[in-house]
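Two complexes follow with chain A in common, the first pairing it with chain B and the second with chain C.
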Partner chain A sequence: MTESPGSSASRVVTAPAPRVRAIRLRGLIRKEFLQVVRDPSSIAIAFFLPVLLLVLFGYGVSLNAKHVPLAVVAEKPDSLTAGLTASFRHSSFFDLSVYSTMSEAEQALRAHQVQAIVRLRENMAQAFTSQDGAPIQVIVNGSDANTARLILGYIQESIAIWLEHLERAGRVVLPIPVRIEPRIWFNPEVESRHFLVPGLIAVIMTLIGALLTALVMAREWERGTLEALMVTPVTIQEILLGKLLPYFLLGTGGLALSVAMAIWLFQVPFRGSFGVLAGTGALFLLVALGMGLLISVVARNQFIASQVAILATFLPAFILSGFIFDLKSMPAPIQVLTYGVAARYFVEILQTLFLAGTVWDLILPNAMTLVIMALLFLGLSRWKFRKRLD
Partner chain B sequence: MWTRILALVKKELIALLKDRKSRTVIIVPPIVQLLVFGYAATYDLTHIPFALYLEDSGMWGRVLAEHISGSPHFDLVSTITRDAEIAPLLDRKRALMVIRIGPQFSRELSRAGATAIQVLVDGRNSNTALLALSYIRTIVQQFNAQWAASQGLPLPPARLDIRPWFNPNLDSQWFIVPGIVGLLTMVVTILVTALSVAREREQGTFEQLLVTPLRPVEILLGKTLPGFLIGLGEATLIIIVARWWFQVPLVGDLPGLYLGLTLFLLSGLGVGLMISSLAVTQQQGLLGAFVFLVPAIILSGFATPIANMPVVVQQLTLFNPMRYFMVILRGVFLEGLPREVLVTQCWPMGLIGIVTLCIAGWLFRHRLS
Partner chain C sequence: MNTSRPAQQASFSLSPHMDVVLEFRNVRKVFPGTGKPIHALHDISFRLRQGVVMGLIGPDGAGKTTCLRLAAALLHPDHGQITVLGMDPGREAQTIQANIGYMPQRFGLYEDLTVQENLDLYADLHELSPAARLSRYHRLMAMTGLAPFMERLAGHLSGGMKQKLGLACTLLGTPRLLLLDEPTVGVDPLSRRELWAIVSRLVQEEGTTVLLSTAYLEEAEQCHEVIVLHEGRILGYGSPADFQRTMERAVYHVQSRERRARVLQMALATHPSVVDTVIQGEAVRVILADSTSHTVNAVSTHVPDAFLTPVTPRLEDWFVARLTQQPSREGLPGDDSLEGFPSASSPTSSRDSAHPTIVVRHASRRFGQFDAVKDVSFTVLPGEIFGLLGANGAGKSTTFRMLCGLLPPTGGALRVAGVDLRHAPAAARQRIGYMSQKFSLYRDLTVLQNLEFFSSVYGLRGSTRTARTQWALEQFGLTAWTHAVTDQLPLGFKQRLALACALMHHPEILFLDEPTSGVDPLARREFWRRITWLAEQGVTVMVTTHFLEEAEYCDRIAILSAGRLLTVGTPEEIKERARSDARPHPSLEDAVITLIEADSARS
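Moving on, here comes the complex of A and B:
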């Protein structure tokens, strides 16, 4: 409509030359960038959010319990109980308090002052030398079952160290027919941060990708500027591409920053190839941005788009991605659901690239799924968008 | 005054629930997420895929292998015969662990009464690796006891007699499901409030509200009450599902739980309204919601214990209303929380609620430009 009548440019509407298309796209991208700069919350989402979250979680999230408050009740203190108490005291896993009666210790357990009680009974010394051996009662606060199991493991370890000590001193014979020699691959120090930080990058990028694009279309619908855009000769693809590219660049910056922090700040070993990381990272970003774009196109309203973004991105990526909870242990119907969570594929890729190396057999299927998901989300956005135009 | 507030509450409820899309968004996802996450969020391992590398031809090697394959926690995925087969299995995650019983196993056990097995574990998820190892340890201990008995040997001089309190089977669902009550309640309150003022600012209706005879306190009440009602209703629904669907015992008293819930809702609404009145656009409101929500969830003790965090981060969690409510929820559901613990968890939430609500009310008027 704006072109002068009779000029060849009027036919551009139906079959634009590549050069014209490039100019239009550049215009759209420029417009989007200006919007980003005017409301700096997008820049904050891309750069400030990953730094904040990685620092908080990288330092905050740990499954390695240390300094567990432990009560020992020695009902009749002697050299035997003193030896065991010393073994607990030397362990860095425990902060020890010694009680003389069970009721005091139980009081402390109820008031959350201690997590577990080790009870050494009066007749411990006699039972120790008998055929059956001495039972050592351990009461643990089982509310947090996972931590309770870890604590029980530490207690067992301390007792084993004490018994071996006694054996070396010749005070007991210790029949241990079969010992276990554990070899923990990829993460020999069993540092939980080394698996949590790569997973976190996937969770954070899910958030950022969706946050960046979830509102962009809805905002234009609400303000009526999208209709203004539609009467111009730009095509739907160009509008979507113009929305996607600037945020893709921002997201790439955020991803690069997160990886750099994981390697240099948190000292997570990186054993894979950076090329593969860059490729799969870009792919995942497309999926995350595509999801946000779809939310935006469908919701058409910033308020609802925001609510959907909060509900559909963070919690599923946190709980259903294998980032912290083991996928194979979930019931079958839930496992089926996890296949729809894009973060699960990227979590596996990241954990493998960081800790194990470039294992193609694992990376290829995950990357292929990401390709399919990217096409699905972007295709759906395109389709839903067209329907609205009619 | 109350008729004015009532009118405002009515308007807010209509704005939240008027169209089907936003009704669905507030009501359906929390219920679906409770059901899904209640089953998904567990640390217990049920199907550990393992490969058996049995080089021993004697009887005891086979007996131990049967002990492991027979356990409900372990699934045998492959039997291997060469060292070279180990790495591909672990690298590709076909197996979480490879159990290697060496060629001398039976002979050493019979002659010397002492031998070892090698357990190779994929440590990519260190928590899973440690748990799987502890399961194997339990099985080997049972085997040891059986073998010692068959040889007429004495039992070890000391053994553990384990009594977990509050959760006798150490079922991690009992720990996670009460946590989800707090998680979803927080998400819903933030969802309802974090964008409400920002939306009105963007549309210009908030300025109109300010020139009406309504005082800021009344606007504040009008904005808080609908969120409070919705949050209270959803939390109750979630508690019912946790108790009767997931069968988590509810041993403590309900008044204590609802006192905690009320204060928790107040603090969540306060934070949400504060974010909302700070934001100029809805995008900023959404960003603010995430900047608060994500750390609040991760640093609440929901999935990983606060006690494991560095001291600085632990002090940071004192500003997080969710950490207090987690203690109350788990306490009331599982332990029957003592009064004094309830009180120490309640007052910080009340304080956070009052402070954030005051700031939000003040910002209504003073953030106009």
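Moving on, here comes the complex of A and C:
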């Protein structure tokens, strides 16, 4: 294997190598896994962060209003006000405090001890039987508009339930000719966790696919290992596949972990097909990996790579994917922007699969968009990535 | 002047045969810089023949790395042609890269992989069969001595071991052309010597051709051919002997019985026929403008109390002589003294050993399981230049940080000017100037803004500040650059500015952390002459460096290795300790190697 000193220098030793060789790819993949295992920050991004996010969003963030501190001001307590107060007290939505004067209640509202005040005036009993009816004053802390609207709804509902009870008891005749009987589909308990957790899976996979991939690639630029690697028989395809395959596997692990946690820990119903979930999940991972690789072509240090990855992939997946904020209530220009966010399509697929089932009419167009995006990003990174430093 | 370009024709006159492994023809490379484009290489041409070791030598920014990357097909030239192993890198980059070996700066190793895993990766990439792998591993282990460290993470190896692993990885494919980018920077002298042994063995046994870059001029002697690069141009091209020949009888040791070397140096520096002066032990090494007896006599009569002994010229002598010819060189006002800098009340002549400026007693610093510094003790006297020497990871920076009060020791005590700087009042810090490795300047501020910022940090206000800033601009030859953005300055000027910033408050003690790394020898000498002048004024100077020849400029040096103090003494004393019958005149490098070997034999 040693060469004699006098051998001709212009002779080419190796014929043009095939584009992907199993032995080289195996070496690269093994190296990547060893690095993941030894680098605490990779493990943190791949495993710790997903679990943390799931627990945080599964338990911590709830868009339901429950145990809202509520003040009821009964200016002249009697059996009528007692009935209404009891109706609030029995509702799991409220934690009740009863005050006898409005000023005390207002103070509590200002001190954030209560979120809303229901004022039952002293003339309520008389007004109740009069033509005009008895007005009930409701004051809600409106600083969080969503919660305020929810609280208002709950209060109205509680009052309606109380009136119904009175009617059954034959004490009043309600002038309501039409009764609304609400049926909420797909998420009958109106449990926000049930649509948050599936959506979160898309965010987690963006994290592993795009952020982690961009970071590990930038690290190779930074430490000069990629430079050393380039001057070997390795091909561009092998370098890219050597990154793609390990992080694809890692992302699949993240997907499985998240789905398992969603179903068993958070009791989110799953009504679709696991096969479709696996297929579309793989598709979305390819999109995320494509974005990560593309970022690493441009960003050659870890700081810039993380900034770009967070701004271009993670934050949009968080804010503009419909995972937490409703896309239809966004201003039109922002809505247009969301069509460029890959996570948006996967969030819709996930929410459909979990809460509705395998609805092909919804899944197919989203999956097709993901196919196009995967081809676009992977193709661009293949095209842009050179074994060159300029 | 006879310091002209060495015989460039000699290398070119060889017929352009098949055995040319690498050829550059009028290669130009321009990078789009921020603001204006950076011309990294201007029309470079050279030929590298089979089995030759060629050294690219020059300061930072000379274009060494660009040359190597062009040869590795990692960059493409903007103009001109390159041929590697008979192929065009523009069209056959993949084949070229499969057949050469390339070690980038800092060795390009996966630090979180073990030695074995690094080797396995490169063996896989080169598609070595299990049998070929075994025999190749065996051979490389024998060459590098890495065998006992196979299971260790590459990141936990010493600099010298990393360098050998990096080399072993590039050698797995049995490359015919080996490109090494600064393989010896920051590595201890013993490992450097070992690397050169491996390289010459490869050339002999495998016919490998080697192109390597280095900032150590003395390493030129190890090459068959040398290209001296400066600011993207070839300043000289030839064999080490060619360079030496042009400087024959123009370099002398000058020694006086009456005057100390530093005083003698100042007298010599003013003579018009003297190109350059450097302190070397007890003597002054002088480069004369030419080797005529007339010039030699003129200099001898200028210093009647001294005698001149001709010495073997080095590449550095040639380089310095060549650089001083360049018209672009901006001269400094007169000499290198800093007019207006206060002289200490007790001048150096009364160096007071009873009141040392710096005292380090059994200082240790652990990081987890790792002893960065272990039981180090030394003292530094007022007005002394004290050098801290060692390879990367030897503990220089840690010792320095502890002295500056930036890092608490885990054992022992360190006192500077009588106080522990960790809980020193601002007044104590006021007496200290600090200049660090990366020159610690704000790169996007102008020269003036940097000076103003540093003087305000040291509490200078109003007219004092204006006067001091003016002083710095004049004394450091920075007036022309007053409003230039610091990042755009040539490296040597950045270094001047950094020193000026550290001196704005006229400190009594100066800490210099690798102040000369990467600058050209002329800027390095100018810097040292200033430091010497400051020491003469009574300023105590503490300096770290990995250039062994710089140790000669220090009054005393401490040599660190793997966190421990190997020795403290004057350069002459340390050389004396390595003297043997086999080596009657050991260099400082020989002495350090002897010390490291004796130390590793003990542990």
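Definition applied: the second predicted complex is superposed on the first by the 363 of 390 C-alpha atoms of A that agree within 3 Å, B and C clash if a C-alpha of one lies under 4 Å from a C-alpha of the other, contacts with A are read in each partner's own complex, and residues count from 1 in each chain.
Rule of thumb we're sticking to: a residue touches a chain if its C-beta (ideal position, glycine included) is under 8 Å from a C-beta of that chain, and two chains touch if they have at least 3 such contacts.
A quick note: this is a predicted structure, and the numbers were derived from the prediction, not measured.
Applying the stated contact rule after C-alpha superposition, one finds that A:26 touches chain C and leaves chain B untouched. Contact with chain B, but none with chain C, is seen for A:326 once the two complexes are overlaid on the shared chain. Using the contact criterion defined above for the overlaid structures, shared-chain residue A:131 touches chain B, although it does not reach chain C.
When the shared chain is aligned, chain B comes close enough to touch A:139, but chain C does not. Number of chain A residues touched is higher for B, counting chain B against chain C.
Of the two partner chains placed by the overlay, only chain B lies in contact with A:41; chain C stays clear of it. Overlap of the chain B and chain C interfaces on chain A comprises residues 39. Interface of chain A with chain B (complex): residues 39, 41-42, 44-45, 49, 52-53, 56-57, 59-68, 109-112, 128-129, 131-150, 152-153, 155-156, 159, 163, 166, 172-188, 190-192, 194-195, 207, 211, 214-215, 219, 299, 301-304, 306-312, 314-315, 318-320, 322, 324-326, 328-331, 334, 337-338, 348, 351-352, 355-357, 359, 361-362.
Against chain A, the residues of chain B that register as touching in their complex are 21-22, 25-26, 29, 33, 36-37, 39-49, 64, 88, 90-93, 109, 113-131, 133-134, 136-137, 140, 143-144, 147-148, 153-168, 170-172, 174-175, 183, 187, 190-191, 194-195, 199, 202, 281-287, 289-291, 293-295, 297-299, 303-305, 307-310, 312-313, 316, 327, 330, 334-335, 338, 340-341. Those residues of chain A whose C-beta lies close enough to touch chain C in the complex are 1-14, 16-17, 21, 23-24, 26-28, 30-31, 34-35, 38-39, 223-225, 227-235, 387-390.
Remark: chain C residues 18-21, 31, 50-51, 69, 72-76, 85-87, 93-95, 97-113, 117, 120-127, 132, 135-136, 153, 166, 169-170, 173-174, 176, 179, 204-207, 209 touch chain A in the complex.
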